[in-house]
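First chain written, first letter: the chains are A, B, C, D, E, F and G, and each begins at residue 1.
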Amino acid sequence: MHSVILYTATRYMLPLLVLVSFFLLLRGHNEPGGGFVGGLVAATSFTLYALAHNVAKARRALRIDPRTLIAVGLATAFVSGLPALLRGEPFMTGQWTAFELPVLGKLGTPLLFDAGVYQLVIGISMMIIFALAEED
Amino acid sequence: MSTLLAIVVGVLYAAGLYMMMRRSIIKLIIGLALLGHATNLLIFTAGGLSRGQPAFVEQGAKLVPVEAIADPLPQALILTAIVIGFGVQAFAIVLFKRAYQTVGTDDLNQMRQTDRLSGGPGA
Amino acid sequence: MSQSAEILLLCPILVPFLTGVLALFFWNNRRLQRLISVLGMAATLAAALFLMRTVSSTGIQVLQVGNWPAPFGITIVADLLSAVMVSLAAMMGLAVTVYSLAGMDAQRESFGYYPILNVLVMGICGSFLTGDIFNLYVWFEVMLIASFCLIALGGERAQLEGAIKYITLNLISSAIFLAAVGILYRVVGTLNMADIAVRIQSAPGGPATTLSIMFLVAFGIKAAVFPMFFWLPASYHTPPAVVSAIFAGLLTKVGIYALIRMFTLIYPEGAVHVLIMVIAGFTLVCGGLGAIVQEELRRILSFNIISHIGFMIMGLGLMDAGHAIGKLALTGTVLYLIHDIIVKTNLFLVSGVIQRLQGSGRLSSLGGLYHARPLLALLFMIPALSLAGVPPLSGFWPKLMLVRAGLEAGRYLIVAAALVASILTLYSVVIIWEQVFWKDKPESRVFDRSPISDPLPRSAWLAYLLPVAALALCTLAIGFWVEPFSVLSERAADQLLDPRGYIDAILPNLTEPGPAGLKGAP
Amino acid sequence: MTQFVSTLLAIIGAFFILVAGIGLVRMPDLFLRMSATAKASTFGVIFTFGAAIVYFQDLAVTSRCLAAIIFLLVTSPVAAHMIGRAGYLTGAKLWEGTVTDQMREDYGRDEPPGQATPPAEPEPPPNDDSEN
Amino acid sequence: MFLINMLLCLIWVALTADLSPANLLFGFVAGFFILWMMRRIEQPSRYYYKAGHAVRLTLIFCWELIKANIRVAWDVLTPTHYMRPGIVAIPLDAKTDEQITLLANMITLTPGTLSLDVSEDRKVLYIHSMYIKDVEQTRREIKEGFERAVIEVLE
Amino acid sequence: MLWAVLLGFILAIAAPAAHRVLGRASGWVLGALPAGLFIYFLRELAAIQGGGHRVVSHGWVPSLGVELSFLVDGLSLLFALMITGTGALVVVYSGRYLAGHRHLGRFYAYLLMFMASMLGIVLANNIISLFIFWELTSFSSYLLIGFKHDEQRSRQAARMALLVTGLGGLALMAGLLLMGQVGGSLELSELLGRGEELRAHGLYGAILVLVVLGAFTKSAQFPFHFWLPNAMEAPTPVSAYLHSATMVKAGIYLLARLSPALGGTQAWMAILTATGALTMVLGAWLAIQQVDLKRLLAYSTLAVLGLLTMLLGLGVEAAVKAAVLYLLVHSLYKGALFLISGNVDHATGSRDAGELRGLRRAMPWTCGAALLAGLSMAGLPPFFGFIGKESFYAAVMNAPAQAGLLVVLAVVSMTLMFVVAGVVGFRIFMGPVTGGAARAHEAPRAMWVAPVLLGLLGLLFGLFPGPVERGLLAPAAAAVLGHPDVPVPLDLALFHGLNWELALSVLTVAAGIVLYRSWDRVRAAIGVLERLHRHGPARWYEWALQALDKVARVQTLLLQCGSLPVYVQIVLIVGIVAIGVTWGAPINTLDLTGWRDVRLYEFMIVLVMVLATCEIIRTRSRLTAIISLGVVGYCIALIFQFYGAPDLAVTQFAIETLSVVLFVLVLYRLPRFARLTAGVRRGWDALVAVSFGALMTGLLLTSASKESDSHLSRYFAQNSVAEAKGHNIVNVILVDFRALDTLGEITVLAVAAIGVFALLKLRLEKARRRCPPNAADSAMD
Amino acid sequence: MSALVGMSLLWVLGLMGVAVVLTFYRLRIGPTVADRVIALDLLSTIGIGIIVVYSIETDKKILLDAAILLALISFVATVAFARYLEKGVRR
């Protein structure tokens, strides 16, 4: 059953939650958070959107097919391990930039790895929840 | 607190396993979830409890004495276990749902077709 | 250690992973998925064989992932046993993938079959290669979830019923394993298996012994030993044959591998070995008895899987009977693993061809293939006889070693159990042979669907027979040319019996056990 | 000083939270429980966030706490609305002291407010719970 | 559009507690990215930011919040109930989704009252109130208090 | 020597193709190999004239001490010659006998494989090689017995032979391995010289029993004899070759070969003599009950096998000589007679000795061969059989113990054998033409050459026993007696003067003639034995199989009962017992000091968690259970939060929330809770569950008392910022220190999602499903 | 931090703990599912409060994040339950 109140509130909460999820991802290396939690929060927000509106709209809001997101996430995580090989170090040895960015601190492959995790978690959560919600 | 949590772990195991020995498929799912909780809490308790000392290095500091923080490794392990457990459990839930829909009952004892013995080896 | 060797160590894990991801990208293009998978598996096999050669010639290979020194990061390590297992896993992966080109239906193929298959191989290889006990748990889970998906993929009633049992019991195993890891960390304060092996000596008795039992139970469930094998016969016959084939070949072997690793490296002595022996005896006999009353092809084979697990852990149980005997027994176990993986996979693949040809797996509705398909009959007979241990095929040699070790150790009961299991296996194989090949095909009853009348296209027949024939050739090769395999197994057993080499390769700074050697820095 | 202010705020927050707990137990029907409690708890939590703001006196903490407060102010009434409506639709009993129910005719509920006899739930759909 | 973007940027800065230009820029980019992601959902409605009305609304709200909380607390903690609860239908003048939502939420947030539902045609708001002396009076209080303020802010 | 054995296998592989190419001539061509080998072995024989033996060794599996080593002495050559000689004849014979059969090519393959394996047995010096060849003969015999595999009787007979000999084979394997262990070598040439040690060892009894078991099953000694008559389902050449001339003699060979190592003890003598004598009498007695030619011959073969076993058991020089001699005698006449029965069958379509008469006109060559072989079998001079019988009587009379009894048994058996010889070699060819004999015609040349040749040899050797004695039998006997380099002269002659042996022979012939003349009546009169025998070992075999099936069925139903709750429970009980038994931690090692620091709010949270857990079990509402589960999850997250794990807490909160959503989405489809089990069962389950929980609690408490070692954490705390550039140590562990875990973990998630997707979206088309009522069948694509 | 403040905060936490137990009592007795859902909602709200006060008590501001996150997401579970209940009625 439709609820104007939920519908409207959700419309405003979605961007905020996605923002927060982003935030959780990026600063996870230094404070509580990280790819998992970030991804889960983003997933929660799209879930909320699907509950308030419907799955089709939530899919449109996500823009990227969850399956692609999964593949990209896995690929990102994998790729993050490769730069080390170029430098003759074992797979997944962290490589860091010399300069520092605000919030993020130094950029490095572990962050890329975490970003892969983030994408993947969104992807899998949405794949599962959309598929389930479409059952009805 | 560790004693208390140890008992809680026992309760969670007992409850989870008891639920898994029911014949209802939903109870089985819930039992699996409880089993996961029990295990995570067990690792957490076994890893040593230290109240209010999260495993962070202060901003600006280079390192932190190990006595001043909770052991981060069990936490990382549990985190991995929680997430894996979530994936597995999500799959299990959906599978059990499909099984219920396909078989038409949630009574596990009626799902013994694949173990049935029929006839002997042809003589 | 050179970088190429390091890359080589990770290849069996990363190549299937990459293949799976690529296949995932091309979700809607089955043809491309097939191509990628075949190429990926071939590459994995090549890497694995190369790795085995490297290990064989230059010793145990170690990689610290992320360049974190040994007890702190995750260690990937290949001794001979690992290298052999990985090679076999890759080989089975390739065989099964090629077979899938004909043996897997289009619908399953378009719902992620190839990505999941690749992940399964990744998980299996990861389990064989990791030197970290929690990482082992992770690979177990990777393998398990992939196997869950494969067993349920298609969602037919039997599959679902089997999958519930499979999943539930395996999850219990995982929970026990995980709990044991958690407590083990508390007791020894480390996760690196070599480090554990060093440190557990200073923490004997009490929890350490109990933990060994927990590991035994957890891995025992995965290895499907008595009396914890229920999930296997309940589920292995339900998915498409090609899926059963890779399960039959590899999954329980991962459990056995874990048992071997655990009870050679971390718990090389103790009362557990006696328990393992008792379990082995019951497993041998119960599995064998189960096999002779089944009347469906893959169910007979499933019980045979269980029975033969008994052989493998029998060797482990005999390990404590002195060095020479222990070495003979472990050699037998390793060789049995090699033999069993190839033969079991092959038998399930053949059973898939039979089922495809005659539309059923029930003995009562099969028959006449000795006349109709002599080549198939031969390709069945080779692995089947090998399964029964008929000399001089591949199954005979490890059995000979194990029986000899048992006799020399004076453990006559386990030898008796092994011999009983052999005759029961022979009996069950004979039943299959008579019913499927010798007997005439029974007139199909009115309400039966007629067997598939469409003749197999040539390409499909090729995809079916190529892997089957290749594996049969392996069986023959191991049987008639057993010396190199025997020597390989013996060397693997040597490494297992003397874990110092393994430990030193992983913890080179460790001069003596204790905190002295722990000041590592990247 | 700030410590005492912050503690005071925390105490007030705890007080309202406790009120919410007591209200949840004591109030006689679903809607009264919700009216009385869910908001009291939000109110209480806002006070505790205030305590944190005062205690830490840190821009990061303050901004985050404010964000959380705003978020709570949006979500908790929406949640209450959702449950309230669902509760009404699934036939939660109204307290016998209820004076009016203007939703009844529009939503086709047949029993008048405050009647003691009707079943706790409407005819459960085949897949619904049986409640005790 | 730009406003929301700025708003998100500000929230970002608030969350990260870092006012450096680089962070501002990053926040803006992040906000832009999110908005770009959301672009397809629906067109955002226009915003009229009426600071005065908003302040007034906030004040009304806070006062009501405190007053009502204390009243409810008293009722909860004392043994006897002074309540006269009931469900009241309130005809709505508020038109847009935002107005209705804000109104409903404010009603809910003030303890003692609870928005239960909005009718399908968005003409009626059903609320549950703990203290109904008179149905009409309850309606009037809501319409002249919250609703007017809300409409003024979000017009 | 290696090639002599391997050639057979190679030719076996090539045989089907060769047959396809050669067509009708295939028998002659393929028969050339055994014939060539025969000549080769004759030359080998020449090489060891006057004593001596030779060991040829080729490496195979040095790591196991398994070599393809061959022991060439009188005994092995005696057998090798029998094998190749008869083999050549049988191959040629088969080419005609099965001409036109669709699987003749395979038949050759099996036959040649058998021949090669048999050669392997008798030549092998390495006991493992010997065992390998031994098993190969069982297996090829299986294929040959089941050659007419569309008949159920054939399949059953084949299975019976395989199971019985397979069982014996396994015993033999154990026995040989034990022998190798005790004797310290796997080479026969070494072991044979270590008889003293072997016989003195404590394991001698076990070795003897196991080896004897292997030999007895193979050589069809009582009570394992029943498979042999049934094996007559095989085509006649197979019966002639495997089941009279060669394979069944493998057991005899083994006993003969090992008698220097194991023989000479009381136990050896008792077991072998008793079993042999029993088998001999039983076989002979049952033989004259039969009317089917092949079964008649099969039972008489049993008798001879018993006779040979008995002689080897006696072990004295005379007995060994007799055994070696009779071995050859029997091979010659019995091979011929089997082939003759094949000819008769081929010509008349019947093998009924009671019905067939007067074949001599239609089948002159066959008849001639039959007379020659029959006379030899009957033990009449001047045939080789007479010498054999004389020698047998001589041996029995000189038996170390129970000579009197043995003589009686021997005479009875020989008399009965005389009757058999009469029936097969005389009766069916003489008299008026009856029944199927009317249609009869002479067999093609390829089929009468072999029996005639064998029959003539029987006559030739009878007339001139000298060369064969010196050249072949003396070295063989020497080998059996344990001194292969010193030949033992047998002193064979048709006439040794008037002695007891001759008297017994006369008695035998007289009694035999009487019995033969009243064969029909005798058969009816002693039918009781046949009826008794129906309840004998063959029935035991059936019972055993049925019992096995029953046991297997019961245990499978018991263990693999299909009920998941039961499975879970068994696994748990195993865990509880195993862990509980080994735990053995006294209660005072439990660290119960962890109570002291509990704070009120923590206690409340824990309390609520426990209560919620109880609620999950108690409630009958699904939603309440889900909600309570959520409470448990949130409470755990709070505990994580309290004890320094904010990352865990946030993850747990998020995942718990998503899980709740998941549960709720799925709940539409799931049924409501039902209470399905009885109270007692619930109580028991609760006991099991609580026991397990208590064990885990105890384990935790025990290990909690250990001082934890934090060297890993110290490293992480020191290097997290410096090396890994992160302040959140947990996150650094996840994405850097232990990133591989995380890689695996996200793979799990990805696969789980794909699996869920496939489960929900993939619906196999109905048309592709097959045989839906059957689980197993519907599982195939 | 003065001992008094620390003590008071512990008492505050204790009060919240009592509230948790009370809330659970409602969850336990129901009577309707909606009642239990509010109880769950209230539990998570109290959880937020507990986390905030706890982070003050331990003087660790990074512990606050969990409270904020819980505030953001616990709402979703409640919405899901509400949807479930309504769906049940509509059918």
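Here is the rule we use: contacts are C-beta pairs under 8 Å (C-beta built on N, C-alpha and C of every residue); 3 or more make two chains touch, one makes a residue touch a chain.
Quick caveat, the model's predicted, so the values are computed rather than measured.
Between chain B and chain C, the least number of touching-chain steps is 1.
Interface comparison, B-F versus A-E: the pair with the greater number of contacting C-beta pairs is B-F. For chain A, the chain whose average C-alpha position is most distant is F.
Relative to the C-alpha centre of chain G, the farthest chain centre belongs to F. Between chain C and chain G, the centres computed from C-alpha atoms are 48 Å apart.
Chain C and chain D have Cα centroids lying 56 Å from one another. Look at where the CA atoms of chain A average out and do the same for chain C: the two points lie 36 Å apart. Centre-to-centre spacing of chain A and chain D amounts to 32 Å, using the average Cα coordinate of each chain. Contact with two or more other chains is made by residues 13, 16, 18, 20-21, 30, 33, 37, 39, 54, 62-63, 65-66, 69, 72-73, 75-76, 79-81, 83, 86-87 of chain G. The residues of chain E that reach two or more other chains are 11, 15-16, 104-105, 115, 117, listed in rising order. Shared interface positions of chain B, i.e. residues touching 2 or more other chains, are given as 20, 25, 28, 38, 42, 46-48, 51-52, 54, 56, 59, 73, 79-80, 83-84, 87-88, 90-91, 94-96, 98, 108, 111-115, 117, 120.
Taken in their complex, chain G has these residues touching chain D: 1-2, 5, 8-9, 12-13, 15-16, 18-23, 25-26, 30-35, 37-39, 41-42, 45-46, 48-49, 52-53, 55-56, 61, 64-65, 67-68, 71-72, 75, 78-79, 81-83, 85-86, 88-89, 91. Residues of chain A touching chain F in their complex: 24, 28-37, 40-41, 43-44, 47, 51, 66-67, 70, 73-74, 77-78, 81, 92, 94, 96, 105-106, 108, 110-111, 113-114, 116-117, 120-121, 123-125, 127-129, 131-136.
Listed in rising order, the residues of chain D touching chain A in the complex are 71, 74-75, 77-78, 81-82, 85, 89. Across the complex, chain G meets chain B through its residues 54, 57-58, 60, 62-63.
Only residues 20, 25, 28, 32, 35-36, 38-39, 42-43, 46-48, 73-74, 77, 80-81, 84, 87-88, 91-92, 95-96, 98-99, 102-103, 108, 111-115, 117-122 of chain B touch chain C when the two sit together in their complex.
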